[in-house]
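In what comes next, chain A is part of two complexes: it sits with chain B in the first one and with chain C in the second one.
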Partner chain A sequence: MAAFLRSKCSSVGRTLMGGLGNNLFGAVNSSVETVSRPSHCDPIFQQIRTFIQMRTNLKVVDNSGAKRVMCIQSLRGKKGARLGDTIIGSVKEAQPRGKVKKGDVVYGVVVRAAMKRGRNDGSEIQFDDNAIVLVNNKGELIGTRVFGPVPHELRKKKHLKILALAEHIV
Partner chain B sequence: MRLEKCWFCSSTVYPGHGIQFVRNDAKIFRFCRSKCHKNFKMKRNPRKVKWTKAYRCLHGKDMTQDSTFEFERKRNRPERYDRNVTEQTLKAISLITKIRHERQKKHITERQKQGKTKQRERDAKELEQDIQMLPKKVTLSTQKTKVVVKVSQQQTEENLMEE
Partner chain C sequence: MAAAAAAAASATAAISGALLPHAVACHRLPPRPQLLAVSSSFRRLSLTASPRRASRLVPRADASAEAGEPEPAAEAEAEAVAASTDAEVEEGEAEAAVAVAEEEQEEEDEPPPPSKPPVKFGEIIGILNKQFIEEAEKVKTLPDLRPGDIIELRMQRPNKRRLSLFKGIIIAKHKSGVHTTIRVRRIIAGVGVEITFPIYSPRIKEIKVIRHKKVRRAKLYYLKHKLPRFSTFK
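Our next item is the complex of A and B:
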């Protein structure tokens, strides 16, 4: 009978019934409602920062000619690529008369990732966006310039040329 | 070991703690904990959030001008290592910290004095207004009665003899 009443009542009524009864029906229900409500108006605040996986769009931060690349394969791990990893991508947007054109399948090194990455000193680093630098299958750079900040962890991954060309190393 | 300052609340960030956020113009924001990071993401101004150091300094809650702050200023010029100088510096750090804490305490006490005076005035006014609420027998000015006991020279001598 109580269950029937609960189902018929409104959300407020359900919460009250749950509070009055021995079970936590109402309490659970109310907590779910609060979680589902958007926490903040800012879209950045709501966005979940995760791995670079298939269909992730990345910004290209060199002068190879590509503007935007979509990841089609992560070359490391089961979940996806992170800061300093190599991926395979398809060029979705390119500048005219560039070294690569739209539709090309290219390799790229992730130089900035919005997902937090632990450092050797125990702190964590996080960037504003996901960005890559295009390389060939041997790991040599296609472009001749790298824009924006890059992390010094790339030294461990043997991408010394990227660090040499970078504007800022953080 | 490098001790950084949190961008939001200005507290010390020890190694192995906090998050470092790098904006695309290569500006680095260091946060001591997720509380500060979340507030930053919510675009909150640390000068308007009451628990931050920026707010406290801006509204005169904390000391802003003091000679002890000069020692803490960041210097980018490297110093040649000298053992004696290092030893003296480490001793000085603890001493200066102690002095700064004392001055901070004094500053807060001075700041709170005004409030205490105002509170006393308010209490007196309230007492004046609601004096009729007190029972008749209660006297506000309790006079302390002094009891004078005379001790003769003879009694003191007897006490000494007994000892």
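Our next item is the complex of A and C:
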């Protein structure tokens, strides 16, 4: 009984922490748990819509083995990274037997950002989450698949391989 | 015989200067010359007298007198009337010339009329907005777009031939003249995507309203925190 209560308390604490920060502590929980919780506590919807800067947690949307990466350095600009920029991150969660493991320092390309990004035709695009695709220091993809939609601005950034592997291009 | 007697009576009456009652009713005095001001410019006013020639009035006693030739006495009286009107016209022209000279002096003394107030910058922007909107509506007809409408939007990508399609629900509309925008939301592969489109953009070729979802808000930002099925459209 005590173990049951302890597990419940820990899950609640993790949910609250996930709701407070710009991170995805509760993003990897089961779908049943996500539906049962109140929607305003879901950390995916609690994104702070600003630059991707140091200590921002991002979702990894390829099959490299990492699940969550924390940004430790933005390679573009003083304020932070935006859609299509490259960052350096530290793997915080990883699948077993993946190509990368927890604690690895990796490069990644931001393929989805919660901050608005203007386009040449006057339109603006924003996503509900922050997501990256892991690359090596030469810019080559570590994984072989890319999940979810990616913007066509990546063509201008010369990330054609990501566009080729993406499910949807918006 | 009776007709000849009536004609003679009317002639004698005309000579004596006494007009018959029906002749008095038909008779009109010659009108006074009127001054017509024709403004060719703001500075100069050209005033011209327009005398109306009085039609020669012949006292008629009977319809039979019309058929006959006018008598010399009646002609003499009509000529006298015409001469008097000509004299009046000449006097009117002299008066008009004096009036013109006086008015020119007065106009020289008066300051020039004040110029129109300058058009404000905001008014110019409004005029341009209207013009651009009219031109855009000639090219494509836009439906009435409201928050809650589920729309299908076809747009031209740069360097692409085919039109790309985006389907979603309007969660906000920002009216700003020619830069009026709508924010369209859709769940794609489990991820929420929101794109803001300027509706008068030439890149947007067609906007079609599929159906309207009943909403009671002007901005549907709460859909971000709702279940994905509220923003998913096949």
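In this section, the second predicted complex is superposed on the first by the 122 of 170 C-alpha atoms of A that agree within 3 Å, B and C clash if a C-alpha of one lies under 4 Å from a C-alpha of the other, contacts with A are read in each partner's own complex, and residues count from 1 in each chain.
In this section, contacts are C-beta pairs under 8 Å (C-beta built on N, C-alpha and C of every residue); 3 or more make two chains touch, one makes a residue touch a chain.
Source: prediction; values computed, not measured.
Visitor: Record, for the superposition on chain A, whether partners chain B and chain C clash or fit.
Guide: clash
Visitor: Could you tell me if A:Pro149 is touching chain B, chain C, both of them or neither one (first, second, both, neither)?
Guide: A:Pro149 contacts both chain B and chain C.
Visitor: Would you sort A:His168 into first (chain B), second (chain C), both or neither based on which partner it touches?
Guide: both
Visitor: Touching A:Asn120 in the superposition: chain B (first), chain C (second), both, neither?
Guide: Only chain C is touched by A:Asn120; chain B is not.
Visitor: With the two complexes superposed on chain A, say which partner A:Asp129 touches: chain B (first), chain C (second), both, or neither.
Guide: Both partners.
Visitor: Running through the overlay: 44-52, 80-88 or 116-124 are the candidate stretches of chain B; which one clashes with chain C?
Guide: 44-52
Visitor: For chain A, what residues appear in both contact lists, the one with chain B and the one with chain C?
Guide: 40, 42, 45, 112, 116, 121-129, 148-149, 167-168, 170
Visitor: Which of the residues in chain A end up touching chain B in this complex?
Guide: Going by the criterion above, the answer is residues 40, 42, 44-45, 112, 116, 119, 121-129, 148-149, 151, 167-168, 170.
Visitor: Going by the contact rule set out above, which residues of chain C touch chain A in the complex?
Guide: Touching chain A from chain C are residues 155, 157-158, 166, 179, 188-198, 201, 203, 224-227.
Visitor: Using the touch rule from the top, collect the residues of chain A that touch chain C in their complex.
Guide: Result: residues 35, 39-40, 42, 45, 112, 116, 120-129, 131, 147-149, 152, 167-168, 170 of chain A touch chain C.
Visitor: Quick one: in the complex, what on chain B touches chain A?
Guide: 13, 15-24, 26, 28, 41-43
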